[in-house]
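Two complexes follow with subunit A in common, the first pairing it with subunit B and the second with subunit C.
After this line comes the complex of A and B, so read on.
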């Protein structure tokens, strides 16, 4: 997918240029606000990937479409990486701004739970010798774990915490200056095209691996047939 | 302080800003690299199997 590759690199290069050079420091947070340009897009993509994974898992269980399982499995490590980036960069932002690397508040804890849901999915999807059973159990985990997604989104409204509430996805429009919104959105779209780029690579990989399994199975069956005849 | 040094110091937050960007670059880069490598290996394996299957089919 050369166009996905090109748009990912272009968008992230533009986002970094605006975010690191052309956007102003925050009047309270100074230059530490630039952490936002990786932290917020990564957190958005962490939720986006989980939603995609749970949606694909539900489609796989309901319509039994083989590609749906493939899409969910291919999404999991990408979502886990975005969640890791959000947690790590959040911690690096929390230290200078809040005075602590970590607090067990609702937003941070529910993001950590999201990370463990991804890891649980990856482990479960590879845990059984019976592929069918492994995929089914992992799909059920992904769907049940989806309750965590709205909890993450609304945690900053439901509980009073150190973490600030949303300033972009608000009903009355973003309350962030265009000079900061532009790099934020460029990085977010760049992360989204990265997701689709790597998703395509991983899905092609999974589909070829499926063909290998089918070829091996056919060969094993024909050898067994040769011996019995 | 030169403008470049000022840029690198990130208003005193260099120790927090640069690691954030580095972690993101490393994580996304490593995942991309691993995905490309795995796809290449799988493609090679599939290719070998299909060639083998083709040869066996032409023998019989």
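After this line comes the complex of A and C, so read on.
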């Protein structure tokens, strides 16, 4: 996927240049606001990847398309990494801004739970000797988790809230200056193309690995057949 | 309905005759709670403050213990396949097994909780809300746990995996379960918390057996 690779590298380079050097510092947060150009797109992608994973899992269970399983499985580690980046960069931002690495705030906690859900999915997908069974179990878990995510979000919001509300996706337009919105959006699109790029690589990988396994099985069978005859 | 009750009776009888699982869960609950005073110190005020949280978290952990065997035993000896072929929907079988599991392991926990609350110096007026919150919350945990137990049938590492899958999903129940007791502790009305817990239960009641049955069908394919 050379065009995905090129657009990913271009977009992230442009976004980082704009975000780190050319955009103004925030009047309250100073230069720390630049962490946001990584943090916010990573958090968006974390949610996007989980949605994609659940969607692919549902498609796999309903239409039994083999590629959908592969896509769901390949998405999980990417989504987990985005969640981890969002958590880690948020923690780096929280130290100068809130004076602490971690608070048990609603948004942070629900991202942490999302990270646990990803980990559970990855471990379950690797816990069976039978590949077919692993894929289907993991697919059911992804869907159950997806139904549960809004409930967890709502309960955790109810429990404790400190994080600022969304400032880009609002009905009356974004409350963020265009000079900051531009790098943010560039980074967001760059992260999205990065996801599709890595997804394509991982899916190719998975399909190749399946072919190699099938070839090895066939060879082992024919060798066993030779010996017995 | 009659057949569902038959399966419920069978599972309860198995649990009673073998007895070890529910006893082990209660023993774990009692011991884990008894460890907390050693960990945080024996001051009555501190224990009374964090008591409801300790009870809820340890009850959640204790209910994970027996869940692992919910379907695995029946899967190992083949009766799960017979149950799946029986002339009643697999969802009904799952509901019966969850109900049996809840009666065998969660009810003893709920019975033990007020006694443990007294050991943690909890004031007497929170005992009733605590028991009611557990009564409303633990069935939801059993229902969610059944989905996890169905997913791990035949996997290589059962127990740890089950906790990893189910505990994040059980967080809402924990939040509102503790919330109900805390509200009672502060003298606030606990009714909204009970209503939310009941809502979780009503949402989980149709959805979880359906998902668990789907997972069992995958396992038996």
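Operating definition for what follows: the second predicted complex is superposed on the first by the 204 of 229 C-alpha atoms of A that agree within 3 Å, B and C clash if a C-alpha of one lies under 4 Å from a C-alpha of the other, contacts with A are read in each partner's own complex, and residues count from 1 in each chain.
As a convention for this text, a residue touches a chain if its C-beta (ideal position, glycine included) is under 8 Å from a C-beta of that chain, and two chains touch if they have at least 3 such contacts.
None of the values given here were measured: they were computed from a predicted structure.
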First (subunit B), second (subunit C), both or neither: which does A:93 touch? first
Just checking: does A:62 make contact with subunit B only, subunit C only, both, or neither of them? Give me first, second, both or neither. neither
Listed in rising order, subunit C residues that touch subunit A in their complex are 147, 151-152, 154-157, 161, 164-165, 167-169, 171-172, 175-176, 179, 200, 203, 207, 211, 214-215, 218-219, 221
Given the complex with subunit C, which residues does subunit A contribute to the contact? 61, 113, 116-117, 119-120, 123-124, 127-130, 132-133, 136-137, 140-141, 143-145, 147-148, 151-152, 154-156, 158-159
If we count contacts the way the header does, which residues on subunit A are in touch with subunit B in the complex? 16, 20-21, 25, 30-32, 34-35, 38-39, 42, 77-78, 81, 84-85, 88-89, 92-93, 95-96, 194, 197-198, 201-202, 204-205, 208-209, 211-212, 215-216, 219
Footprint of subunit A on subunit B - complex, ascending: 7, 10-13, 16-17, 19-21, 23-24, 27-28, 31-32, 35-36, 38-39, 42-43, 45-46, 49-50, 53
